[in-house]
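Next up: the structures, one after another.
Two complexes are shown next, each including chain A; its partner changes from chain B in the first to chain C in the second.
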Partner chain A sequence: MNHRTLLMLALLTTGCGRYDIDPSQYTEEEGLWDPQSALPTDGGLFVRLTRAGDVALLTPGQDTVRVHLDDAEIDSIEAGAGSAVLTRSTEFVCDAGATPSKYVDDCPSDRLTQVGRADLIDASGSVARFDVGAWYGAFTFSADGHFAVAPIDANRPTAGGGLVNLTSVLVIDEETKTSYEVSVGFAADRVIFRNDAEGKAIGMLVLSRSEVANVDLTSQVAVPRATYPLTLDAGQTVTPIDVALTPDNHYALITIEGSGDLYVLDLESPSINIVALAGHPSALLVDPVSDRTYISYKASSRIDVLDHVRFDVETLDVDSATDHLIQGPGFVFAYSRSGALDGYRIDTTTFAVDRYRFTQPPTKVELAPDGTAAIALTATAGVGRLEVADLRQVDGKVDTDVKPFGLDGVGVGLTFAADADGSRALILQDGVDTLYSLSWPSLQVKAVDLPSPPAAIGTMPDGTFYITHQDALGLVTFLDDADNLVEVNGFGQLGMLDRPLLTQEEN
Partner chain B sequence: MRCPSLVFLLTLAGCSQDYAMGDGSQPRDTGTSTDGNGGGGGGGAADTGLPSEDETDRLSLRPAQTDVYVFVANPDRDTVTRINVLTQEVKTVRVGHVPNAVVTTPDNLSAVVYNAGGDSVSVIHTDPVTKEMSVDTVDVRDNLNTMSLSPDGKYALLWHDAKGVDVDAGTGGAASYNEVSVVSIVGLSHTAIVVGFNPKGVRFTRDGSRAIVFSDASIASVDLTGASPDTTFIPIADPLNAPSAEEVEIDPAGHYAFVRQAATDALTVVDLRTREVEAVPVGQNPTDLDLTPDGLGAVVVSRAALEVSVFSVADPFADPRVVPFPDDTPFGSVIVGTDDLAVLFTNATPADRYALWTLSGDQIALHPLIKPAASIARTPDGGSLMVVHTSTDNPDGSTPLPYQKKAAVSLIDLSDFRTNTISLSAPILGFANSSDGKRGYVTMVDKPFMEVLHYDTLIYDEVALRSNAVFVGVLPDLDVNDGDQPPAWVSQVHPLGRMSFYDPDDASLETITGFELNGAIEE
Partner chain C sequence: MRTFLFALALAVPLDAFAARNEVSFEYVADFHGDEGVDMATGTWVANAVGLRGGGTIFQDRRHFGLVLDGGWTRSFQAAHTNGYLYDPASGGNTELPGYTSALDIETLSVGLKGDYEVRNIFYPYVHAQLGVAIGSLSVDDDNTRPDNLNQLTSVGAAPVGLFGLGAEIMLPDLAKGWKVTGAIFFEGGYQAAANMRLGDAGGPINLSGGLFRTGIGLRFR
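Entry: the complex of A and B
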């Protein structure tokens, strides 16, 4: 049995699959691309063409590139690395002798099988492909783009995969273009990479049911260096929720579902210490400068500060509970998305706490790239506002007044980019064709009329904004520093009439 | 002499370390009431109906410590965890089945573990250079529950204490109550010996050359100097009507064993060289036996006779010096200090007083207690007393309201008798003195606190713990000239193990939790 056969997923396609659709009967409303799939890279913006099963690479002012896999349909764009993206796709294989055709829709549904794979794709097409069982969930990428790791998704079928090791994760080494499985623990669902001083991934922690595996990535094939139990009671399930690494990579901090226990794993000399917290943390943030971890709680009006030497907890009392922590330069900003109005700037040197009060509950807060402002989208009863908290310190003091701006609708997207005069935020509103651009610190607001309602917003690596639209044929606008809008449209039609091809079995 | 527990002394010479499940150390100062069934003579009016003096250590699974490490047995995991108190580094090793007692050797290089479930003893060696641990295990006899380590750390004796908890369920077949396992820690060998029925305790000579296993009717003298243990069996009482043997002391030279038996009017003296046994008359119902710190005298408290007797260890058969109590308070316990001062008290009856006895002048002065004492100790520098009170109040109603029906501890300055009585929310569970003797560390039953008692000021500080305290201890001072005091440790209730380390220099507390998980880390 060859490897391809082992990974074969015997999912039978049904009569209502997409290949039963007559392309001539296609209507716009069904969408040819996914506006939520946009993924910016150094080489341009990748979007997924849902109809064609391809991706398109969009670059303002240049021709759109359709990246097509001859023998597979791209199902998702997972993440980018440099100018490439990793995609998940499906190959369609028809049983030998079932049909002489090369098209998927010519194969009887009971003879059609699907095989999962992943491809590293750039503008030229697939530069590397990997067999990936359909039972693997979403990939997590190392910051240096070297590794992509996918745990098994318990909600996906393993039928057809032969004997599937349910304690494994799939590791893709994008440098060597190889992939392999590592046994880490049952129901693994979180991965965090350990990097060296140069930012190179050297290991990873994989969280699974009642276990955490510390995997060494420096050897040719990754191996668990140590596996840490989270309980000794076989009848008890301890589910790790969040994980953070101390700046020196010496310790991993792990929160537990429904518990106030914070597990501190010593990764150098494997051992475990449990720090009792005030309750279940709502957010955990490691500040590398002060070498401390900040912990917030939904049910307690406090921020705990954990040192990384003795793991002592110091408590900062605040006026309301928070559930989000954002790292800023020299401070941590804490706020709540659970209805509270307060935000707190916590100085990571003096631990001084400055309280900001928004006029409405925040739904999203972003910091300016230089950390001098926090911009919040707030909403109550369908009334959306943009609120700006000035975080600058003058003579050690801050102005805690928040400056609110009314919006046409409810803000749903917010992104920042630095510009020559400071920074600029773009605010996306639900169902509104107008985009607002707020310059900081001048607080100048510009309205940018969009060609159609936006779907998503983001920033390209060069600082250019991109906006995707709910346009069935494909529409993305790019907004540069000078507020010039460049539209790229119609790319959704690329390959829409192509008949999907069967994958030819290897001999 | 008493061994560590709620009652503690400045010197522990000649005392073995006894560790067991449940009752732990065997009671050694438990005089009985004269109307009991111990077979002794009748008691005086003051002693009639009184219960025993109680000094039993009821704590089990006590951690053991060296100069740097604390060893904790994990009976549910078949492991022992070693914690470096200075760095909090944790290492766990697998030992035998159900380890329930751990002690350390005086050279601080080995920990000796009794595996009750597996009928074995594991010796954990720490490499002095690499600090890595290795484990050797020796099988012992079954139906044992108590381990006693010789003062030189060369031998461990495993025996069955009838008052202990039987962790070992046995085979379901035969069982003996006369067997003792002698384990050579150095040679990792085991020798089984037979002693008198139902041994009550084990004592070693100061140099560790001989062990005395005492039972009601006999003692077994075990010579540990040869290639294998050589046992001499010495009857000490009529086997048909033997009084209960409660306490044995051995003189520093190892010539005599003094045996205190309940409800008698004699002290049994055994010449270990000639095996001669002689009953030396004392007052009725001897309830405590102590050697003086210089080893020259043996002090016997006769509670029913309301007197204390002092024997010459050099000539124990000579008539003792007898000092009567100043009133009819039935003192049953004595603590003899190094400074010519001894403390007399009782916990058999709710007495509102204790006595200070100046040995050289045979003067006994009475002093009041705010509440009856459960135990009394001299602080390490001898300048103060620590009185652990019962929750019972003084019979005459003189206990002040804040302390009524509450546990309490009193610190009493012996120079001017200033007293600070501290109300406690629960009885005292554990106690340890700081290395410099200036502080005491106290834990309470089912309470998440450690109280730090400052003996010089009589003031206390409270340290909040993460969970209820269990054991408390203090590491030795590795460098007495560095100005730093070693930390105190306190183990706490937690399903995965918890221990805190208190630094008296800056009053900081560090806690590690979950160290039992370390034994399951796969590398």
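Entry: the complex of A and C
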């Protein structure tokens, strides 16, 4: 090797090795994935990959599955149905000849059209797709997973939809994989399904401005059977707020904004009966066992019990006003999120009222899966507590002493799972990395150490807890009943460099 | 180490057979304008440095020369991306956790350079190369922790073709008997690249775009 080669090699070696540089700063909307979008199904946990416009299916101990639509960007996960989820997405269509490219960013913005759609998605991809205008709002699902119904959202644009029928709702039939519009009334905003004894959806009530439509779902397509006007004065607007069905599906009970009237709609022979209440109700709950409706008031320390035959009202006096009612086995639990400390267990057979007093105002109350306890997250002046009310009856009596536990921060999330010894609750605290697990009825509390601060918690259908974290590149922890933690991570990067594709129109 | 091995493989054979050898340190700017690369690096331009070596394989009496050369360049650029979420209720933004990404692009190429000697100092040339670009995207959402779970790397490759027009100024020999001199060159051109998919991170990214190359080197006669 002569001097020339040596010189060359000496120079060339100067290029070896990594060199450090200061990274550029960059911002983007939403991040790579949405920890609040997690939706548990029988097939695993679905989360939305916001930048890729896809969803990821996470299963503990298994490879993550990225579910990608070739010609649409997924905007939201609406709800689960078995092992699948219904998603809303957007197709991007470029005018013919505007670009030879297949990518959205190559199409001039004035030649680009966005088209809404929904897909039923499982691990294999889209199993059914439905055209859904962008003007439709959130879906409501029937309990049997057969139907999904979306009313028009007045805050969404109707541009690009031609002449949009503003009295319509969109019905998706997930069994026949079809979607169609049904005209029900202007500004529809609430849907409640009527189920038969087997839980099969047989009809729905749709609340719209000043009227309620009763729609039959037993035919091939949904058919409005009757419309109930809530006022006969065309100049008056009556806005229905809440709706409940009697257990026999015979009557619908409807509360009205700013009114103390309860509208009782006879769904068998269409007619309306108006029951005068003590004031504007704050909550309405139908108990199928006693066949009565429980009504609470924000401004009045009473709970009314309405029978479903003569619609007579019986009043139960309580010490403070309540605004939330929860159904339990053989009882109703009433409490307030408006600063009052009391909770009430109302026996639905004897109508006996037992008073529980929390040490701080509750912000959230959940019943254990077997209904034997009410667990409350309470807070005042930034001090958070977990309080447990034992709802079990022993010899016809209950222990009304509430067991409080101090938290590190303010509790913001609570989820339950049944286990062999009863049930466990998992508590999420605002800005605190540690989760607490509370076993009921043993009242054993365990701290769950996590690899990263949690963002949201929930329970999988098999009773495993899931915990999503705010990690930018994706982290979900699964916690089973043996306290085993399984981390699934890195899914946030899936498709992060993908460019949105144009939808190719069929000729 | 990759640099060294590549240079050794290139330089030794050229040194053995060529009539005139050259080696250069170069800077290459690739104005690709790719959105994915922009997202990963925070810039629309891939700035690369590298090494190039070659030897003259043909020289005629009319001052025309043909050089067979090969080179390696590396662009290593990083970005820290902060996410935010717009809250329509408050009209403000909520900051989301960020992540650091680094895109490492190494390009290996071989090509031919035809130059024309003007007054023994000025050499306008035309340059064409073929090669491969190897991309490696590293992302990390907490690079203060060496044990962070999310330290992820995605790799991809794509063929590239480069074409440029340039000019080189070659100085007289540095010392009597050494037969070695220095040179400086400037080149403008275009890089055509196929789409590159980077593993799980997807893509494609595309590095096609205008090219500017400059550098200094040694020339052995």
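Please note the rule applied: the second predicted complex is superposed on the first by the 477 of 507 C-alpha atoms of A that agree within 3 Å, B and C clash if a C-alpha of one lies under 4 Å from a C-alpha of the other, contacts with A are read in each partner's own complex, and residues count from 1 in each chain.
The rule we apply is simple: contacts are C-beta pairs under 8 Å (C-beta built on N, C-alpha and C of every residue); 3 or more make two chains touch, one makes a residue touch a chain.
This is a predicted model, so every value here is computed, not measured.
*Asks:* Does the superposition put A:Arg111 against chain B (first), chain C (second), both, or neither?
*Replies:* Touch status of A:Arg111: no partner.
*Asks:* Residues of chain A touched by chain B versus by chain C: which partner has the larger set?
*Replies:* Greater contact footprint in residues on chain A: C.
*Asks:* So, A:Ala276: does it touch chain B (first), chain C (second), both, or neither?
*Replies:* first
*Asks:* Answer with first, second, both or neither: which of chain B and chain C does A:Ala226 touch in the superposed model?
*Replies:* The first partner, chain B, only.
*Asks:* Does chain B (first) or chain C (second) touch A:Ala52, or do both, or does neither?
*Replies:* The second partner, chain C, only.
*Asks:* Touch check for A:Tyr263: first (chain B), second (chain C), both, or neither?
*Replies:* Only chain B is touched by A:Tyr263; chain C is not.
*Asks:* Could you say whether A:Arg337 touches chain B, chain C, both of them, or neither, answering first, second, both or neither?
*Replies:* Touch partners of A:Arg337: none, neither chain B nor chain C.
*Asks:* Mind listing the chain C positions that touch chain A in their complex?
*Replies:* On the chain C side, the touching residues are 1-4, 7-8, 11-12, 15, 21, 23, 25, 35-36, 39-43, 49-51, 53, 72, 74, 76-86, 96-100, 102, 137, 139-142, 149-150, 152, 154, 180, 198, 200-205, 218, 220.
*Asks:* Which of the residues in chain B come into contact with chain A in the complex?
*Replies:* 76-77, 88-91, 466, 495-496, 508, 510-518, 520-523
*Asks:* Looking at the complex, which residues from chain A come into contact with chain B?
*Replies:* Result: residues 224-233, 261, 263, 269-276, 310, 312 of chain A touch chain B.
*Asks:* Can you tell me which positions in chain A touch chain C when the two form their complex?
*Replies:* Counting only chain A, the residues touching chain C are 1-2, 4-5, 7-9, 11-16, 18-19, 21-32, 52, 66, 105, 451, 470-475, 487, 489-490, 492-499.
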